[in-house]
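Once you scroll down, you'll see the structures, which are given as structure tokens.
Heads up, the next two complexes both have chain A, just with different partners, chain B and then chain C.
And then the complex of A and B:
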């Protein structure tokens, strides 16, 4: 349980520096690339040398690090980190037959290079960690922060989630069956009856602490489960609601990670059935599918609580208009890594 | 606050595939570092490695693995996992219980299959059997699925300090009541990818690594896995407690992507905070299992940081990387197991290949096997990206 004070998100939609989510930007060849944003806070010469993931994270963190100069630690969730660098180095190995290689790509390819770079830029010698547990990498980062703030109630942390599209992980995820075989437009992600989704990328960074004053929202609960058993997902959700001490009709909105893969739709439908009074909204058509997409969902829920407006293209099921106070985010990665988050307005 | 105990351990390294063989190897001062036999790389003969001398086929047979797509990293992990849960007396029901967490550390994942990854990443016709097994998460997910685990499952990658952080995360989950027990550890296998990566940084030794020696010229890459079963005090009344996890800290050096700062701010802070967390004075540490990679940078910086913390009374220390090489994401957990062997048997194992001390620091590691009174052991792990961690294990 902690408060969110300040956020930055760089995504395929218009989310930084200004936010305009009503106009949906479209995918190309089943990919939603994050918008290239240059950070005024980092010299272009330094940015140019960074891989995409590090660049995204540094650009998104720039304004936060400038404002919060005394952070107590950096907690990042990323399944793959700098995939482009990883594959560039891999290709070098084969191209030069293991000859004399340049280490830059290797050093940037380790997933912890992102948190490390942020620590380096901000000269932060505090707690620094990278959670890489695929579809629950970001959720584990949340649990970590929750435990840190329990032990250190006066601390403030930088928390983030990100992953990038590279040609290579796109190929690998295509081979895994995670990407649709047919090319679709992201606006029609939920209308087909095929397997796979579209690829995406983005970064969401948060400044969090235990201080209610000036906060936008409060993350009240987070829960993860690995299972393919629908009944178990349902049971865990009910337990989550019970532990959150909320009545079902107090859930104003359910934000699901429905991703257009027909194999996984029933999970979302089951969860929807538990909270019939809630607005049901979806987000993966804005972002694409990737392991840390739930970080964007948390940013989005936080923004919606602040803005009290849900873009039309997100709405799956409308209910009577009411103030938005409590949003539950349900995400599922490839049908077996599920997570629930409860975010409430302050 | 709840005390957290180690109730089971499992290990697989270049010294052997059991606790006994590893302890024997350490006692005898055996070095498991040699030529690479498992796969072909340009450096198989010119560089030396701490290889686990069991082929994938042998491991699969030993572990009764028939399914496809299981990477070597997952095989190493499974072997160590099995030993640890067996020693702790965990039933399959205990393992799959929602109060049992699995926290794994890993940096290579399925990238040990460097050739397969290269092919799969560059084509879209048909994938290899390993297509879903390349990421770091794949190893923990393999174990989660194999044992139908329902608790919190996580994978951490802070480069070479990864599994120290996995242990720390497990302890914290238990202390917070998010788990009654946590199976924590790390696994990494040798890979063409990391061999070329470390080689491009010019930090691989031309021979066997010689930690803390004035003429040290780099590290040897190794592979292996280790797991520990951690349990909350209130659930261990009927169990043998191997050690208490008393202190832990994670800091960042905030200096350079692959080099430690001259005075070792990150390492110093990690050791200092771990002592504080454990409520111990520096003079209560009886032995340090150092990070001690054998690189020019690490050993001198770590020595300076130890001198700063312990003043002129640096405790007995060794580097077990001189026996098994640097096992990257597994090293924190492997060295935790070794540290607990020090505690359990009240003995110190010799550090190998040391001849002459570093001029600036003059620290000399223990070079002979000895019996010793050991109450508290510190284990250091530092990684790329300035990720520093220190753990303290105490005698029960």
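And then the complex of A and C:
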């Protein structure tokens, strides 16, 4: 459990510096690229060595690091880090026959380069770690923060989740059947009955601590599970609700990570059936599918609790209009990594 | 290739290799120090420049003392390339 105070999100939608989620920006060739943001605050000598993922993370963290100069740690979830630069480095090995290689692409492409760069720029010598557990990388970073705050109740942490589209991961995921064979528009993500999704990328950053004062929302519970067994997912969700000490009708909104892949729709439908009174909303048409998309979902839930407005294109099932106080996020990565988060308005 | 053309080519390659954002070849003076107060390069860049010389001109600098003499400015690099290039 912790309170969320400030957030920044760079995504394929209009989310930074101003937020306008009502106008859905569209995908190109089954890819939703994060919007380019100004890098004016990054020193040129550092900027020239940054890959896309690092640049996104530094740009998103900039306003938070300026405001919070005494953070006690930086905890990042990213499945791949700077994959594009990693592949550049690996290609050099072939191109130059394992000869002399340049270090920059390699140094900048490791997943922990992101948290390290943030620590370096902000001169933060606190706890600095990167979680890389594929579709649960962000959730594990989040659980790490929870445990840190249990041990250090007065601390404040920067928590983040991000991944980038690279040619490499797009091609691999396409060949594995996780990207749709047919080109679609993201506004039609849920209407087809085919396998695969669309690729996406983005970063969401959060400043979190145990202090209720000034907080926007509170993350009350999180649960992760690795399984392909639908009944097990359902049972874990019921247990999650029980442990959250909320009645089913107190859940105002269910934000699901439905991604347009017909193989995984049953998981979402089962979860929806447990909370029939909740608004059901979806988000993967806004940023595509990637391992740390749940970080965007948490940012989105936080924004919705603050704004009390759900863009029409997100709504799958509308219920009676009521104030939004409790949102459950259900994410599912490739049908075997599932997570639940409960976010409540302060 | 003449000395001036080689200098121009080297400047373009340095900008490309080191991803010197917002720097144009004409911004780099022939006698401007590459490191420190000049172009502001650092130790990682020195490795990149050694790799640049190897890949583009077939020059292998193995002695760090030699490297310090070569990687001073565009003039010293071009002089060395003219004398030692193998491609």
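The criterion applied here is as follows: the second predicted complex is superposed on the first by the 341 of 346 C-alpha atoms of A that agree within 3 Å, B and C clash if a C-alpha of one lies under 4 Å from a C-alpha of the other, contacts with A are read in each partner's own complex, and residues count from 1 in each chain.
Note that a residue touches a chain if its C-beta (ideal position, glycine included) is under 8 Å from a C-beta of that chain, and two chains touch if they have at least 3 such contacts.
Quick caveat, the model's predicted, so the values are computed rather than measured.
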(message) Under the stated touch criterion, which partner chain does A:226 make contact with: chain B (first), chain C (second), both, or neither?
(response) first
(request) Using the superposition on chain A described above, determine whether A:193 touches chain B (first), chain C (second), both, or neither. (result) neither
(request) Quick one: name whichever of chain B and chain C touches more residues of chain A. (result) B
(message) Under the stated touch criterion, which partner chain does A:140 make contact with: chain B (first), chain C (second), both, or neither?
(response) first
(message) Quick check for you: in the superposed arrangement, does A:102 touch first (chain B), second (chain C), both or neither?
(response) both
(message) Shared contact residues on chain A, chain B side and chain C side combined as an intersection?
(response) 99-103, 107
(request) Give every residue of chain C touching chain A within the complex, in rising order. (result) 17-22, 40, 42, 44, 47-48, 50-51, 54-55
(message) Under the definition above, what is the set of chain A residues touching chain C in their complex?
(response) 44-45, 47-49, 96, 99-104, 107
(request) Name, in rising order, each residue of chain A that touches chain B in their complex. (result) 74, 79-81, 86-87, 89-94, 97-103, 106-113, 115-117, 119-120, 122-137, 140, 143-144, 147, 150-151, 168-169, 171-172, 174-176, 224-227, 291
(message) Which residues of chain B touch chain A once you look at their complex with the stated criterion?
(response) 41-43, 106-107, 111, 114, 117-118, 120-124, 126-127, 131-132, 134-138, 140-141, 144-145, 149-150, 152-159, 165, 169, 172-173, 176, 178, 192-193, 196-197, 199-201, 250-258, 265-266, 269, 383-387
